[in-house]
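Chain lettering (A, B, C, D and E) follows the sequence in which the chains are written, and residue indices restart at 1 in each chain.
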Amino acid sequence: MEPINWHSVFFLLFALVGCGFSVAVLLTSNVVRMAFYLVLALAATSGLFFLAGADFVGAMQIMIYVGGTLVLLIFGVMLTARGPFISMRTPAGEWILGAIIGGSLLVVLLSAATSVRAWRPVAVAEGEARPTATRLGMALLGARVDKLEEPDPTQREGMSGYLLPFEIVSVHLLVVLVGSAYLARPKKRAVGSTAETV
Amino acid sequence: MAEYLQQYLPQSLAYLTAALVHAVLILVVVALGTLIFIWLERKVSGRIQDRLGPTRVGGKFGWLQTLADGLKLITKEDLRPASADSMLFLIAPYVSLCASYVAYIALPFADGWVAIHLNVAVFFIVAVLGLEVFGVMLAGYASGSKWSLFGAMREAAQVVSYEVPLGICVVVPVLIAGTMDLVAIGQMQAGWFFNWFLFHDPFTFIVFWVYFTCATASVNRAPFDLAEAESELVAGFHTEYSGVRWSIFFMAEYSSMVVVSALAAILFFGGWNGPLPITHWLGLADSANPLAHYVANLLGLINFLGKAIAGVTFMMWVRWTLPRLRIDQVMATCLKYCTPIAAFGFAGAVIWTFLFPGGLVIPNKDWVVQEEYQLDEPQAQSAASTSAASTSPLAHADSGLHAEEHHGTD
Amino acid sequence: MATQTDDPRIIEFDVRTDEMLVNMGPQHPSTHGVLRLVLRTDGEIVSEATPHIGYLHRCAEKIGENLTPRQWIPYTDRMDYLAGMNMNLGWSLAVEKLMNLELPEKARHLRVLIAEMNRIASHLVGMGAYGLDLGTFSPFLYAFREREKILDLFEEVCGARLTYSYITVGGATADLPPGWLQKCEAFLDQLRPVIDEYHALLTTNAIFVRRTAGIGVLSAEKAIDYGCTGPVLRGSGVDYDLRRDGEQRYTEMYDGYAFEVIVERDGHYPKDHDYPPVPKTAVLGDCWHRFYVRMLEVMQAMDLVRQAIDRYSMCSGDWGTPVKLTEKLPKGDAYMETECPRGQMGFYIVSNGGSIPLRARARSSSFCNLSVTYDLCRGCLIADVPAIVGSLDIVMGEIDR
Amino acid sequence: MNLLTEPIGVSHYLIVGAIMFVTGALCMATKRNALGVLMGIELVLNGANVNFVAFGSEYLRPGAVSMGLDGQLIALFVIVLAAAEAAVALAIVLNFYNNHSSVDVDKADELKG
Amino acid sequence: MDPVSTLPVLLGLAWLVPLASFTLIVLFGPRMGKAGIGAGYLATGAILTSAILSSFSLFFVWIPAYDMPEPSHPVAADSAHGGAHEAEVHDEAAHKEEHGDDDHGEQHAESSHGEHDGGHAHFDKPEIAGEWYTLGKFGSLRITIGYYIDSLTVMMFAMVTFIATCIHFYAIGYMHDELHDYVDHEVTLEDGQHLHRPGRFHRFFQYLSLFCFSMLGLVIAGNIAMVFVFWELVGICSYFLIGFYIERKSASNAANKAFIVNRVGDFGMIIGLMVIFATLGTFAFGDVDADGDGTPEPGIFSQVRSPENDYALVVPDGVIKAAAASEIAKGVEATPEQIQSWREDMEPGGVGRWAYWLMIIAGVGIFCGCVGKSAQFPLHVWLPDAMEGPTPVSALVHSATMVAAGVYLVGRFFPFFVPEVLLVIAIIGCITLFVAATIAITAVDIKRVLAYSTVSQLGYMMLALGVGGWSAGVFHLMTHAFFKSLLFMCSGSVIHAVHTNDMTHMGGLRKKMPWTAYTMLVGCLAIMGAGVPFTIGLSGHYSKDAILAQAMSFEAANPMLGWLFYVAAAGAAITAFYMFRLWFLTCAGEPRDKHRYDHAHESPKVMYVPLVILAVMAVIVGWSIYGTPVGIQKLLEQARPMGILTTAHGALLTDLVHPDEHLSHLEEFHVASTWYATLTGLAGLGLAIVFYGVRVLNPAEVANQFKRVYKFLVNKWYFDELYNVIFVKPVLLVSSRVADFDKKVIDGLIDTLAIGTRMIARLDDMIDRYFVDGLINAFAGWTYAVALWFRGAETGRLRQYVMFIVLGTVVLFILITFYLSAPLAPSLSTLEGRP
């Protein structure tokens, strides 16, 4: 028997969990369950990231995506969780239409994913894996330590860093926070009849 | 361990067995820890409240009381309300437990004694602990009870807010150490107690207190236990739970308490390094003899556990002393106090580290700025070789194609 | 964050979410028995809190129409079960008023002593339970520890720890046992430092102040309008205490006792002792003030007990003989109000000349005090509801009877 | 063909990414609850992220070919922007809920032609 | 036993026995037993005899005599080599072997080159060709009764006779109403009464026997002329059987429709035949020594693919000569060198090109006949109407055998088809399979669903053949025959029980008629291609996999035609959907018509035993005999025409590549296509369960939502209406116009002149008013209308916008992948090229 490739086994595990729960998100009509399945799907994805050697991105995925974004989402779900909205049925026709269109998209994507030979599995020598956190941090600060040997000097000397996008994203986040606070700002509202019945 | 087993078992079985053993070991730590800490909580609260606490079960100190309670809980009927979303209701406690359980796999108990030697361990633990909130929220929603829903919403708001200052606080030691590897961070604080990051500069000292506040809040302990505030929300998110599932929530709560305390111990209190460099005096830590190294680690383990337990006890003390905050006050505490102070401490620590790279007391330390992959080679590697890291199948999975290299080609 | 505004119809909302109708009680842990509050909430904000009562109704008053007044004494114990002595006293005074009985001097001091001791016990419970409502457990046990000592003393006096039936028509069922006064004094001596501990744990605790100061503000007018009495009324700054302002038959009991009604005057509470200062955030009539008034009343009661001990020990003679169990009542009616720990407790008796009264009625202080919850809880947070209800310190047995 | 013994390649990741992407797109297309649509968006972004990480991974392809750090960096940006997007979207949803007392996106057809 | 001598006799007997039965029934039918019941037994006995003879020929003569080809799955070998395999599977190391002539039957066992690089041994296709009787000889034209026997022939014999036997038995039960005077409730006479007529039991079996004879004759025919004769005989039998209830207007119309539509196809076939005869000078398939000189004259196949050319398809000399007739008339001598140069003259206007066109015309002509007979688009309209015939007829004639004759003929003529013709076949098959499958979704008549299913499956076979999958297509023909006849007979059983065809009146019959219901389920599973991937499956599993694999390898070779594969895959899902829709509507759920349900009962044993037998066959027919490699697939490989196992390139459409069938066994295609087949099948099944099984979604709601699509499908893509408008109406119109001409034009000429002046004046007015003004108004109106139309796209529905986006993405993808890949190719190739 060939020895089991644990990398593949864990990939399979995470991939199945991820895809399975993605499909579950699609199929369930209960919005809270959807959120729960989404959590599992995204967590499994972070497992995939770990397997791909992107440990920092994986941890980031758990922390921001799963721990932050989704908590926010569920919070939103609970705020609006009035009975009728927990489960809203979609007309059957749209399911069919969606299934057809989505199925064709899936076929297209799958055939694209499997068609390029260079993307097929290759045996990679051990020892190339290095922790990525520092290099990512340096890249965000504008210095690409992984491109020190780059022959093109414009690539080498900081042109390929991500300082500017990083700053843009930071400002963007700030704007978003302000904006969302503004959108959901307090509004005054009269309480109708309840006031008079003291 | 897997290598050892492989002499006797097929490769796949060997890895599975090794993985199972590791998992069970951590589970034992979690479960046993919970038993002990619940007992401790009762004793501590008893002392604080001028009473004795449990005295009967298991001898004079009642140390088997938790076990007896656990048995009772297991035999209780597992009730499920009619209006509950049954699947989520059944799953929620386990989601909660899983999150705090998973955090242990990256937590070093002594120099190199860690299930998986992750190089983003700090980040990982903070991230994974953040997931515990899902169990609580799902429980709250799925119970079909309004009180539970209130608890869940409070939890959601609270945890999301407190992750911000918590993250900033955690970043400060990481910033000083220059790595997110907990083992490396622990190793950097070796020697006298003034090498601890707590005493690195005044800002870390401040930041530690903010960290502890935020950690208390993020694990739902009083005075931030709004999600289960019994005087307001009956029992909050676990109002409808009983028996085993209820006790699993408890396990999750206590094990995450331990995790945050242990994290504090490593980040601020030198981890497994005692206040005095006794192991260095005895020559244990630097010895090439594996047995000596083992003894040193054992001493480190005791040190580490002591610090963690002290942290937990401190939380208990706080719990049995203070009234509970209100939800808006909790949020205000986070946004008006914790976050600015943490940010201030962060900025201060940056400046301090820039001006006095060696810290408060000893200006010249050899580890000041190190690339993490440099670190990996001499210290971390030797640590890892004695640890479980290199033998765990998960480690294999993480570090790529080890398995492929070792076994795939023959 | 939402607070009350001038126009009661305008409530500020962060985000309008789903309105929920939740039941707080009657099995809720912080509703002091079986109170049921129906909360209409909008997120964490309570837009309406309606108290529902009647879960502890035992027809005590109807039973009173079939028993002689002395036989009904145990039923009064069970009204405000935290202050049984005061209940007994109120009923006894009402019957005595009807029968126009005069009591010996010693009985008067004994009654003051016992009633003020029970006031201490009752306020200790109120204080401890209030801490519990705010989420801290330890003060509750500290308070109960001291209360237990009072109960021990009471047990020595009458054999019971909760339902005493000690004070009765015509005096008391027995004299105080020998040596009891010394024990009582010793208790008071050790209680004094403990009170400071309570202040440290609760009154001045930053979190406690944040949770209570400015919360559930009850204006003096509103308090009067609702008929609130006792610490709730005095916490709103109304200088009214039946021990001073009551019927003469009652106030003469306290003749010669030096005490000042605990109420804020010109921004100050009576400075008899070294009290903690009023926090800046506190507003007259809020939860903190109600709580503080109770704490001060404990000190005041301790003072009164000391005075009563002195006077009692100086008195000689009878402690008052209880009337016969089936003593005939004169035709007519009588109404008597006393200052109980929770406020003004009134008893009314109507007789047609037999030994069994035609009517026996009680006017409960907690009932009126509870009725302000609807007003106080509007626009507060859910967490404030226990704080407000707890500060009113109600006893359901007294409300439902 | 035995997936348990063979190594994993980029295309495996792409398949997972494709499935997530498509389910996400379908979620957006079929869910009536605005938050469901939001979750669909998250799935779509996540599917894309899987692709980025796969292309940037040094395990799946030798270093010279892979996108290297760029893949991971883009994934990071996507994650962060997804968080921002979720915050704004949630605000929009809550606002929508305030105005319509509903989270049914089919009710939001005021701009219908 | 020596197959060369015995097989013609055995199969000849098997062929003639039904003829004898037919003759006897014609002569003595009404007198055979009570109400002619003996006719049934006679016909059944006859076909049973045939079946026994055929089976004997297959199992005891043919299989022992000839070796099976080497394993054709190069999977193991390929993966062992670990390399990717491109088209170079076959080398051209030709290898010949002559077998000596035997006695009277001129037999040539020709050997193939076919050295597989996986190390396969060469393999000769065994075939036996000969003549029984020469009908006449007119110059070079010889009309003979000949035979051409290879394993396909033998297998078709076995299959046809086996199924026919089952159906005969079944028909005895089914037609028992005809044993006495019959009241046809569907025919109302002028006086309001229903038609009373004597039973026609014997006549039914008489037709059946004739049909069996014709079909077997078609199969065994040794030349194309004989094929044509039996082809028409089959057609006429079909006509008789469809019109069996001749008094019903619908039945007679359907019979006429079937006959006329088939004529359209036959017209093309005749053209093809003429081209073949005019150019090749022979009708015979195989090489037969007709003049007795010891050397066989080459038949059609060996002219097209001669051993000298390594069996590669080369335009035969005869065609070249015919194309070069004008040159030859000018005196150019047709030497072999000259012919060769002509052959290579593929320039536009060149002789070679012209000859190639002749080949295409001949091929397409032959295929036209097959289109008619196999009910391919656009001539598929007759088959669903043909369901007016009794159900056993539908089962035998219109699903299992006759309609398969078209596919059989394409398979038989396969060596003759140049790639361009194959492309036509593939496209027609693909369109057919999709159109028919979509129509089947909405049909409510149980037999019509099955009819459209049949059309769709025939489309599959055509597609398979068209993309070069010879054995895949013919294999599907075999498996389909079993499960489709099973399904038809099950539906017959159901109709027999509830006396209606309308599925909306059925439901829950599973409890009443378990045998029927569960054999039907087996049929549905088989047609869906149920199975455990790579392990085991029902018969349809194997054949559908093979088709999809071939289509996939075709897609890989011709990306521009990739849609053939995707349509086929989608068709697989639709197939599963409508079949299980049928099953759920019929057998599962709650009864929808209480009255009919209460009267339903299980059919008699004579009806359901054949069902069980066929169900077993539907399961096992794809398997090989235990312990041996012998199975239908192997036998088909044995029968595969020589020389088609190479990659063929189109001469006119130079991009067109027909991949070698072995390529489809490569893991790359085989595995993927198996997954596709399984997953699409499961998807269809899942949809059916969602709609009709557990009823999570309401089909009526869907129909309502897509009202236009639904109506379009219910009306069968408006084919009948279309033909009515295009063909029928114009004919009627022209006739009436001609009649009117006299009346109107001649008489009206004078009047018209008078009116003319007035008209001109009015015209002037109208030009001004309508044209000048109208132009301006129309322009404004158009703008307005276009804007209105675009406004409709702005629905305000968020989710529809998402759908649009996704749809746009898909379209963009497809455009780029299939049609715009050239501009992007350099970048892709660099991507591929990197290590």
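To be clear about the criterion, a residue touches a chain if its C-beta (ideal position, glycine included) is under 8 Å from a C-beta of that chain, and two chains touch if they have at least 3 such contacts.
As the structure is a prediction and not an experimental result, all values here were calculated from the model.
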Farthest chain (mean CA position) relative to subunit B: E
Centroid comparison with subunit C (C-alpha atoms), farthest chain: E
Contact-richer chain pair [D-E vs A-B]: A-B
Gap in Å, rounded to a whole number, between the CA centres of subunit D and subunit A: 5
Rounded Å distance, subunit B centre to subunit E centre (Cα mean): 69
Rounded Å distance, subunit C centre to subunit D centre (Cα mean): 62
Intercentroid distance (Cα basis), subunit C paired with subunit B, Å: 47
Subunit C residues counted as touching two or more neighbouring chains: 15-17, 43
Residue numbers of subunit A (touch at least two other chains): 3-5, 7, 9, 51, 53, 56, 60, 68, 70, 72, 75, 77, 79-81, 94-95, 98-99, 101-102, 105, 109, 112, 114, 116, 118, 123-124, 128-129, 184, 187
Two or more partner chains touched - positions in subunit E: 799, 803, 806, 834
Touch list for subunit E against partner subunit A, complex: 84, 566, 569, 672, 683, 687, 691, 697-699, 701-702, 704-706, 799, 803, 806-807, 809-810, 813-814, 817, 828, 831-832, 834
Interfacial residue positions of subunit D with respect to subunit E in the complex: 1, 25, 28-32, 37, 40, 62, 64-65, 105-106, 108-113
Interface residues, subunit E side, partner subunit D - complex: 534, 667, 671, 790-800, 802-803, 805-806, 834-835
Complex contacts: residues of subunit A adjacent to subunit D: 2-5, 7-9, 11-12, 15, 18-19, 22-23, 25-26, 31, 34-35, 38, 41-42, 45, 48-49, 51-54, 56-57, 60-61, 64-65, 68-70, 72-73, 75-77, 79-80, 85, 88-90, 94-95, 98-99, 101-102, 105-106, 109-110, 112-114, 116, 118-124, 128-129, 132, 135-136, 139-140, 144, 146, 162, 165, 169, 172-173, 176-177, 179-181, 183-184, 187
Partner subunit B, residues of subunit A touching it in the complex: 1, 3-7, 9-10, 30, 32-33, 36, 39, 43, 50-51, 53, 55-56, 59-60, 62-63, 66-68, 70-72, 74-75, 77-79, 81, 123-126, 128-131, 133-134
